[in-house]
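Several structures are given next for inspection.
You will see two complexes here that share chain A, one where it goes with chain B and one where it goes with chain C.
Showing the complex of A and B:
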């Protein structure tokens, strides 16, 4: 471990660290804090002036802004909730089935189910847009085939369904990640524990609920926090499928698209980097709260169950 | 499939569930691909049918090649991805080696500092990144994208690689030192070859998000000559919304390179995820 020479500056350490630290600091950390700083400024007559927390007051207090912000936040919350309630249970179920011993073709299923995850949001967004489109008629046609045509709606075009539909598309795309992580966690459970359970008569479903599930809770915790960060930072899918306006009537607007619109402007509204930074700071705060809840609240408690 | 003799019912149910989900996962890709080879009329009349002799058509692909500069986009994506990955691996491995190998003041602190970026998405800093790129004249260059992706990939790379480097035997390195190798030679000649599997994992983890990113190309490099494939297909499809042949062909062409990468690297990717590197 330790290098012997202690007296002189060991330049090689500096050389090894410098490139990574420089790029990381200059392109990631500095802009991050600079964005937080910019949220405290505003532009008046083409001059940047300090306004303190005024931008935040506008964002939360001004009716025009706050209505959009809370709408985006609520949509984002719903987006996250659907991921937690649909993506993770499906992922866990698939992993549990895949990890059963003596299952044939499990490598094939694993690779195939992971394919949507590697596709870009642009492909996924447009592909589903086409499939769900009433013009093309794949979705209504398929519902017709099983006699459920009356259920068909232009889901992406209706305010009350659009966000849920897009959340489910995102779930479809990302189910592979919880599946893989849980699968890895399930494989790492020592056989002795399962055998001990078998001796006590705990097999099949009971073994899953009583032995495996408590042991994979830490992985479920990690997946939850990864999902949280990814969801509150999402943008691409909504942008690819519904555009920057996150239609219909902002019903699919989430924090990422809201920030993009504010920062770059759209149609008649001019872009405003300072309000953009303010929204980015709010997103930063939300993500930080989520990560802290995980690190200090959930992860500690979960550790107790590990061996 | 009757291999699991004890409980064939369970095995059949398991396969039924997995087959169903595999179909759900692959169906959209399949529909896009088959329809991209059909005439416009066949696309609408029989969207689920395979292209036959009379419905086969390459008109969509012809439009794509005539109107969009997909080779340029592909080349841009290639350059950005390959250069970013190289830098992530080189810089990440160097920093990871320093953290894993030497004891110095601030080692732990430096490790924590570099690990911050694992949880905090770089997108939060977009406003300031754009300002910086504008003031340094890097806007609309591939360099801007490469810098951003390198910074984005470094935290996880350092984290994973330093875990691996701690496992490299000290005896080997000390033998090198006794033979008079410099610390640089020890790193490049002895340690790097030994952590190659971990480097592959890091590369595969970073490759797909970089290739698929839409946000930074849209913001930092939207000009025609530096568009990446993801942004290029997004813009192209946006312009040709009503030309279904072109849209389907463009989608298929965007799917193709990622699928090729996935087929080549899927084993590495899956092994990387399942070996718990993400923790």
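Showing the complex of A and C:
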């Protein structure tokens, strides 16, 4: 009876895991590693040959490539910065307002703010292009109505404004996501804690800064990482609004559009899957480093409160 | 041996099966980026072909122009592309031919209907093999609003000086935007700007061939002068042209709000449908009255055969028909503005299209300077030209700097220019 019977292989675990593992491997893991592999090859005379790290040397060493790469990376950085400085604080503020029990129609506001998130980026890009258009847009007319016409610029066509404008359009579209996540986190804070704080005289704004904010910090951390990953993988909005050449003068070129142009080709430029994969691998590396910094540098220091 | 016999048996079986089922009903699928032409193919071209060849069914399945190259390449690699492939001119198709995706059509009987210039867009560099049947070219020039010209009292410009005088007159009048063009989408500045007016300065084929041979440089006067012209365009392009897109420009012109539209002839059918005023066209103005005029008569569309097609005979029958004057006539009149390249004479009915094609008699024809050979390397000369043309129009870069930047880029990979 007490024989140290070998534990029976628990087949049901394998069976239940299999679908997810298989699908995930087929659509994510295999393509990812194949991309990394492709970046080590090049095509010469219709034949794929192994070139080691030569593609990376070209990407970072050749002035023509590296200039474009650093430009795209810097633009990506700015894109991310705007999201961190505008999208996330606004999202947190909206969540704080929405979670206030005295606000009426909060369900309506919540849906209204979240709806752009589920719109297709094609619709968003096109709609905003029309809104901001110097010819048919309502932006010049609206500014004119309040006597501020002189502030109007063809924003999407000016190098100095185009990227910021598109970042703000993206913020408009996705502000619902941090709002929802923070909203959920705020709701999960037990009333007892807030009431205990009230007894100690912490109410109103002070309650937000001193009690709620520290409690939602882990959620803010997660949102920052999600924003980082999404921003550095961004492509769709820029492509829909400015095309693959990310004009004016590459001022809105981000890693995604740079990769697309290189991989699939553009107009007379023929596609180069190997250099494209090299850029994709560099993007993967950048995102990996960013996420690692967050995981090891920040998340470990965040305290989790158990209620 | 064994596999061969097996293959033979299988082949025979399929052939027998096919002929038994129907009288060898072949189905051809056409890959194309011309989704604007879907109706014309379905209503006019395909019925005309099927009436003559009832045993072949044809399907036209276009994709979006901007994605066409990428989509086609992926489909060809995956083996799921159609039997007939609409060919972009020059390197995109040459790469497909070299990769074995396009069949060599040099020996095809219909090919004798085309001149070497017409075939240049779809031949190997040495001209030994041609892999697409030239289908159509587009001619560049300027389309203008006749009513606006009458109202403001401006004559149709022939020379550079008259051209800018006309623009100035419209600007002073204030009722019309002098020129409908924007820089948001970038390509118009290069295609309808630089390559439209350029041939007059670099003397068409003469300059283009000299550039390919390395005898001229992009910093030479002939190649910088067009940029000097473009630099003056910005003043006449309407408020906020920096964010004006290509469809915006088309709409501004067809709504009658602009006087002049730097055009490619492909606009004709769309404009005819949209505009309710009378339109005319003039060729790019020459420097001095009496100079020889040059036009960009660009080989734009060809059509070839997927080397992996299941029904090569049917595909060849179709391509031979495309090379015939019957197809040219249907095509040219259904799509005024796409001019057939075959030697056979074709009657055009559309007055605007007639105006464009009449320049072939009075001016020297050339093709866009960046398309043959010169856009093979990195940086890509065509993309750079888009960028430079926009920068020059906006005044961000001087014509000389633009020329120098392009020359440096070209010289960095193109041996004859080094």
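Convention: the second predicted complex is superposed on the first by the 283 of 307 C-alpha atoms of A that agree within 3 Å, B and C clash if a C-alpha of one lies under 4 Å from a C-alpha of the other, contacts with A are read in each partner's own complex, and residues count from 1 in each chain.
Here is the rule we go by: a contact is a pair of C-beta atoms (placed from the backbone, for glycine too) under 8 Å apart; a residue touches a chain by one contact, two chains touch by 3 or more.
Just so it is clear, the structure is predicted and the values come from calculations on it, not from any experiment.
S.K.: Is A:120 in contact with chain B, with chain C, with both, or with neither (first, second, both, neither)?
M.R.: In the superposition, A:120 touches chain B alone.
S.K.: Mind working out whether A:65 is in touch with chain B, chain C, both or neither, as first, second, both or neither?
M.R.: After superposition on chain A, A:65 lies in contact with chain C alone.
S.K.: Contacts for A:44 in the overlay, against chain B (first) and chain C (second): which applies, first, second, both or neither?
M.R.: After superposing on A, A:44 lies clear of both chain B and chain C.
S.K.: What's your read, chain B or chain C touching more residues of chain A?
M.R.: B
S.K.: Now for A:270: first (chain B), second (chain C), both, or neither, which partner does it touch?
M.R.: In the superposition, A:270 touches chain C alone.
S.K.: Have a look at where A:199 lands relative to chain B and chain C in the superposition and call it first, second, both or neither.
M.R.: In the superposition, A:199 touches no partner, neither chain B nor chain C.
S.K.: Quick one: is A:158 in contact with chain B, with chain C, with both, or with neither? Answer first, second, both or neither.
M.R.: second
S.K.: Check the residue A:146 against both partner chains and state whether it touches chain B (first), chain C (second), both, or neither.
M.R.: After superposition on chain A, A:146 lies in contact with neither partner.
S.K.: Residues of chain A that sit at the chain B interface in one complex and at the chain C interface in the other, please.
M.R.: In the superposed arrangement, which is not itself an observed complex, chain A uses residues 136, 264 for both chain B and chain C.
S.K.: Given the complex with chain A, which residues does chain B contribute to the contact?
M.R.: Listed in rising order, the residues of chain B that touch chain A are 1, 3-4, 10-11, 14-15, 17-18, 21-22, 24-26, 28-29, 31-32, 43-44, 47-48, 87, 90-92, 94-95, 97-99, 101-104, 110, 113-114, 116-117, 119-132, 147-148, 150-152, 154-155, 158, 170, 182-184, 187, 208, 211-215, 218-219, 230, 233-234, 237, 244, 247-248, 251, 254-255, 258-259, 261-262, 266, 269-270, 273-276, 278-279.
S.K.: Going by the contact rule at the top, pick out the chain C residues touching chain A in the complex.
M.R.: 66, 69-70, 73, 90-92, 95, 98-99, 182-187, 238-245, 248, 251-252, 370-371, 375-376, 378-383, 386-387, 390-391, 394, 396, 409, 412
S.K.: Contact residues on chain A for chain C in the complex?
M.R.: Its residues touching chain C are 46, 64-65, 129, 132-136, 140, 153-159, 242-245, 247-250, 264-271.
S.K.: Which of the residues in chain A come into contact with chain B in the complex?
M.R.: 1-3, 10, 12-13, 15-17, 19-21, 23-24, 26-32, 34-35, 38, 90, 93-94, 97-98, 100, 102-105, 109-116, 118-124, 126-128, 130-131, 136-138, 141, 172, 175, 177, 180-181, 183-184, 187-188, 204, 222, 225, 229, 233, 235-236, 239-240, 256, 259, 263-264, 273, 276-277, 280-281, 283-284, 287-288, 291
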